[in-house]
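Paired with subunit B in one complex and with subunit C in the other, subunit A is shared by the two complexes that follow.
Moving on to the complex of A and B:
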């Protein structure tokens, strides 16, 4: 979710295989650099592998170009990497959130083969995505400051998770 | 950059200055055919970067990759080094930049540089004339004067080429008519 010169990214903490809960502290949101976060929903192992590969690419980029990747650039990279596996895809839906030039917030999501979806307000992904769309749509206001943004995203997350049997066991919220 | 010219050559059709990306241009000194191969490779590398990151390639990155190609040909079997030195000029987020790339694959960043037959005179001339706060017009003027130093015959819009890039980040080659205008100021 986008706020005034800030963004928030949140996820639940359940890792499950249908009805069995495997973990209640699963990390789904990863920091790429101080102003860029990546959330990966979907298949757990694909999320971890994709994250490792993206960190690898980003580290090399940092060494070569002597700077951090801009969020828009990172989104293009993720999209390209996902499409490379067009006929044997990663079963992940990434959510990318970052602060670009002049700390302008940038968010986007993609499907599992890299179709980017940019938005100015919020993006959602996961098993409870339909519920999340509804919750965010009703709770979102433009230009919230970081405290209000934190409250809003948390409420939207909790209300959607509570209506989804495959999500739950708490939440992680990052506000930058 | 002086063109080959004689009574029988149609010099205007083949340019020495080439565009690598909309914001990076290159000129060579040495063997023309070798430079064409490098220009082709560099253009492809720049476009691959653009395809991946949806962003124009920074000048340093393109120079690095081009230099890597040139170095490869000094160490691989059955090939010879490229017989060209390149001057790469571009404008990116770090501002305007100029790089020289040698056949060895080493590259240098310059504020002002020259290469070719008259290189030592030209560099001495530039050292005297170059200032950090030059405007574009002064820079073109200085470049023409530098070229004129070692020029055999009559300099004209038809036998030199000038490539320019400013804050609009678009590399353009001046037309013969535009060059004539600048030459008249020099006279």
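Moving on to the complex of A and C:
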């Protein structure tokens, strides 16, 4: 979710295999650099592989360009990597959130073959995405400050995952 | 489709190789990540059909347990189980596990899980083995037999 010169990204904490819960502290949101976070929903294994590959590519970029990647660039990188596997895809839906130039917030999500969906207010992904669309649409206001943004995103997350049996066990929220 | 025995032998040899080349053993976390990497690479070509619970002891970090799925999902956990028995064992462990259990309490918990599996699972195995991994290494602790073959 986007706020006034800030963004928030949140996820649930459940790791499950269909109906069985394996762990309740699974980390789904990863920091790429101080102002860029990546959330990966979908297949746990592909989320871990994709995260490792993207961190590698970003570190290489940092060494070559001597600066951090802009969120828009990173989103294009993720999209290209996902489309490379068009006929044997990674079963992941990434959510990218970052602060670009002048701390302007940038968010986007994609499907598992890299079709970008840019938005100015919020993006959602995962098994509870339909609930999340509804909750975010009703709770979102433009230009919230970071405290209100934290409250809003947390409430939207909790109410949506409560209605989805495959999500739950608390949430992780990052506000930048 | 490759089997568990092939995978575990491959990992054993590679872990030894690392020890010989570098003079220090792999940490449990590093071994778990290595296994996950191998499973992930093989996944889309010729997957290994093996689910892993990796237990290790490191001097600096103490004991750790890793759950690794056959599709290379890895997670560090306090309690893990696979198979149909996991439905019963995980519930038992959720109820009775607490951090900083003693070895005796842990053996008692393992026994409780074995009892549940024996009574509730139609396709329960006959014999069970309990192993311990601690600062003195990995060793067989005891068997729980119903058949003597």
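In this section, the second predicted complex is superposed on the first by the 176 of 176 C-alpha atoms of A that agree within 3 Å, B and C clash if a C-alpha of one lies under 4 Å from a C-alpha of the other, contacts with A are read in each partner's own complex, and residues count from 1 in each chain.
Here is the rule we use: contacts are C-beta pairs under 8 Å (C-beta built on N, C-alpha and C of every residue); 3 or more make two chains touch, one makes a residue touch a chain.
Bear in mind the structure is a predicted one, so any value in this text is a computation, not a measurement.
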| item | value |
| --- | --- |
| Fit or clash between subunit C and subunit B when superposed on subunit A | fit |
| Which superposed partner A:166 touches (first subunit B, second subunit C, both, neither) | neither |
| First (subunit B), second (subunit C), both or neither touched by A:15 | second |
| Subunit B versus subunit C as contact partner of A:77, first or second or both or neither | first |
| Contacts of A:119 with subunit B and subunit C, given as first, second, both or neither | neither |
| Which superposed partner A:23 touches (first subunit B, second subunit C, both, neither) | second |
| Subunit A residues touched - subunit C or subunit B, whichever exceeds | C |
| Touching partner for A:65 - first (subunit B), second (subunit C), both, neither | first |
| Touching partner for A:55 - first (subunit B), second (subunit C), both, neither | neither |
| First, second, both or neither for A:175, with subunit B first and subunit C second | neither |
| Superposed arrangement (fit on chain A Cα atoms) - minimum subunit B/subunit C Cα distance in Å | 24 |
| Common interface residues of subunit A - those touching subunit B in one complex and subunit C in the other | none |
| Residues of subunit B defined as touching subunit A within the complex | 51-55, 58, 60-61, 64 |
| Interfacial residue positions of subunit C with respect to subunit A in the complex | 36, 40, 43-44, 67, 69, 71-75, 77, 80, 86-87, 90 |
| Touch list for subunit A against partner subunit B, complex | 64-65, 70, 72-73, 76-77, 80 |
| Subunit A residues touching subunit C - in the complex, by the definition given at the top | 15, 17, 20, 22-23, 26, 43-45, 48-49, 88 |
